[in-house]
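To keep things simple, chains are lettered A, B, C and D as they appear, and every chain counts its residues starting from 1.
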Amino acid sequence: MSIRVTIWNEFKHELDEKHAASKLYPEGIHQAIAKALGTEVDFEIRTATLDQPEHGLTDEVLNQTDVLIWWGHKVHHEVSDAIVDKVINRVMCGMGFIALHSAHFSKPFIRLMGTTCTLKYRDANENERLWIIEPNHPIAKGLGEYIDIPCEEMYGERFDIPTPETLVMVGWFKGGEVFRSGCCYTRGLGKVFYFQPGHEAYPVYYQPEIQTVLKNAVRWAKAERIVDEVECVHVDKPLEQLV
Amino acid sequence: MSIRVTIWNEFKHELDEKHAASKLYPEGIHQAIAKALGTEVDFEIRTATLDQPEHGLTDEVLNQTDVLIWWGHKVHHEVSDAIVDKVINRVMCGMGFIALHSAHFSKPFIRLMGTTCTLKYRDANENERLWIIEPNHPIAKGLGEYIDIPCEEMYGERFDIPTPETLVMVGWFKGGEVFRSGCCYTRGLGKVFYFQPGHEAYPVYYQPEIQTVLKNAVRWAKAERIVDEVECVHVDKPLEQLV
Amino acid sequence: MSIRVTIWNEFKHELDEKHAASKLYPEGIHQAIAKALGTEVDFEIRTATLDQPEHGLTDEVLNQTDVLIWWGHKVHHEVSDAIVDKVINRVMCGMGFIALHSAHFSKPFIRLMGTTCTLKYRDANENERLWIIEPNHPIAKGLGEYIDIPCEEMYGERFDIPTPETLVMVGWFKGGEVFRSGCCYTRGLGKVFYFQPGHEAYPVYYQPEIQTVLKNAVRWAKAERIVDEVECVHVDKPLEQLV
Amino acid sequence: MSIRVTIWNEFKHELDEKHAASKLYPEGIHQAIAKALGTEVDFEIRTATLDQPEHGLTDEVLNQTDVLIWWGHKVHHEVSDAIVDKVINRVMCGMGFIALHSAHFSKPFIRLMGTTCTLKYRDANENERLWIIEPNHPIAKGLGEYIDIPCEEMYGERFDIPTPETLVMVGWFKGGEVFRSGCCYTRGLGKVFYFQPGHEAYPVYYQPEIQTVLKNAVRWAKAERIVDEVECVHVDKPLEQLV
């Protein structure tokens, strides 16, 4: 059975020709990720961006999405609350949600976490080493003990998130910080994965191990079932006899 | 050092003279809880209700609250989003938050959980037995193996919440259901406790063991420190030398 | 890729012709489970019992086992510590381990938990209802909201186990108790599942939903990789230059 | 009410005059820790060492211990299994257990974890920065954002432990590794804390912030109640009527 993946991208930095991202990702980060995931024959891949009608996330698209990947940074506030409501509702029903890098501050991720999602940051050309803490977790499949990222923006603790259900990866930064870089959650019937790498000014999403993580995360986040609605249920007739 | 507790109540059922709550809690559930907590000499207790200006939760009150207890049921939607924002912000900064019974569906609790908080329910005069799963948790202090509640509204699984950090209690209902009835979370710097008992039509908050849980929960939810703000921090100067 | 399953059974009750188990499971509980799992074409199924040489768990068998299912009750103490060491070692390397019912008190399960694994019990012909708490967990695949077991031995809280990583099921018993009946853990590189149903005097393992849980649990417990050894590693050369 | 603390030390390195520990801790690590904890007027402090009869952990001592601190390294295997059984039994009944540094490989800690507790290590005069992940956890009381340790043995992931219930601290090492350095567990009725700092060749336990962690950890690990025994209980009479 195929997995229907929608890759959402704010798609702003890449259109700014003064920004490094315009060189690195001329067609947008979403297209680079789409291409990376494209090796998987059972993935049906769509992309969507902020400036499309309904940010590209129409009911039809969402209803046909098993896993939604989200990259945003500059203009989180421009994402419509009505669309965020629909995304959240779909996660509650079982859609997987993968928040990448600066999507820690996106509206849907903050809503799913219930915390501020604040962190420390610094962009100083430093290297990161992503340690795999749970080597037998599905998201770690095919990886070694760590992933070396030659250049990454530093994201440091304290990262204000709820304790992950599974902490798959911890990042080490040359400048002296650590970060919970790969965090798994269940929210409603949906699975949520936060993955820290992916600053727009570095070619992180072209790195094969990073692409492996994304592919694994999509497979992990695909739910057994997606329902139409989650509601309170009044139980008229008790299961056991009440005198 | 004293603990400053604010007990918030929707205070609607009790004012409806046709409702059993008007007989059981003539001064309101908040006053019954306030009286119960009043045995603790180090608790400074305030109450607040929906119909007060700013729902009784002015900046001054919130800034002087270590732990906020919340009871609501009928009119969750009448709670102003602006006040909810302030409550959430204060939890992020370290205020404890205790959601009682039907507050599972209150705006602040849903915001803190990031899920639908839906459940099953039935009001059929049945008994509940609240099993203590973690006998050495601070919230279980002074309790036996279980608490028998002669009459309680049934709340049943699946309760759509994130996996609790600590599941302190599980409820058994005569009619055949179970419920995660005592659930601990950390959200931001604040501690959150959901406690299922307390249907307005039964005298649950007059029961001594239930009062013990409330007192314990207040002590547990009191933070070591409450800060003024939680923000992202740009780290100009790395802690380690970067070449 | 196939999954190599070994079903271990103490196999004592079934050989006692005065015991109900001898009628219910004339060939042994292990054979009943083997038959149930036999529908899965990618499962390679073996059985092993206490009275076989090395309890049927030779190095060769263990080294060819991806998931070990364990049923024991009467004579946990007769299981050799040397074999338990080998089982534990294989779990550390990635073998899945599924402890059924009274295997809560088996040597390997207690070793993996690090707790006493004590509980309450009563055998009184009562019914159990197994509530699914995490409907989208792989072990819940294909199940409804609950499983009704017409007759089961009561196992009640407090069950002295570490907090499960995922609590998939909670049992309700007619006589008034609850139980954490489906509990997931990671230990070393291996996945561990405890599943409470399966008293030898009732035909629980013939029930289709129970068989579904067993099949799902085997698939879930199969590791991405099983290694030969887990050791401390001295890192001679640091990954980063130390001055 | 006072807290009865017993500090156990292998006490071998310090007696070897060629070892740096003999200069740093001439009276033993246990005495240095005892002195540090001695500022707390409600702590009743004892020490015990390997070469004492019963390793200093007689029934009388254990029965009067609320929290046991454990430091060992060279001769874990010389610790008698009978004494380990008693220690574990006391933890099951509610005694707190704090494992320091190389006690990751001590018999009682491995028993409590149920895993290999293997890790990476290197002794190369490097600095560690201990990041506080949960700033409002009782063990973090009075600490800043991190603790700088000028010189520490590197302990690196993957650390083979069960997922901590609360991960309070993560260590950063100059040479490129990270480590889950402050890990909380519940085992039986007892609380368990693993704290990574404290290589015998560096003056780590003289550092005030490290001493603060030890004091906080003792207060956190003190149980509400310690029982005499934890047993399976046969429930003769059901709580609810069974027909």
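To be clear about the criterion, a residue touches a chain if its C-beta (ideal position, glycine included) is under 8 Å from a C-beta of that chain, and two chains touch if they have at least 3 such contacts.
Given the structure is predicted, the values throughout are model-derived calculations rather than measurements.
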### Task
Quickly list, by label, the chains bordering both subunit C and subunit D.
A, B
### Query
By mean C-alpha coordinates, which chain is most distant from subunit D?
A
### Separation of mean Cα positions, subunit D and subunit B [Å, integer]
34
### Message
Using mean CA coordinates as chain centres, what's the gap between subunit B and subunit C in Å?
### Response
37
#### Entry: Per-residue multi-chain contacts in subunit C, two or more chains
129, 134-135, 156, 163, 165-166, 174, 176-177, 186, 239-240
### Query
Contact residues on subunit A for subunit C in the complex?
94, 129, 134-138, 140-141, 165-166, 174, 186, 189-191, 223-225, 239-240
### Task
Enumerate the contact residues on subunit B facing subunit A in the complex.
92, 105, 111-116, 118-122, 124-126, 154, 156, 160, 162-163, 165, 174-177, 185-188, 230-236, 238-240, 242
### Task
Name, in rising order, each residue of subunit A that touches subunit D in their complex.
129, 131-135, 145, 156-158, 163, 166-167, 170-173, 176-178, 180
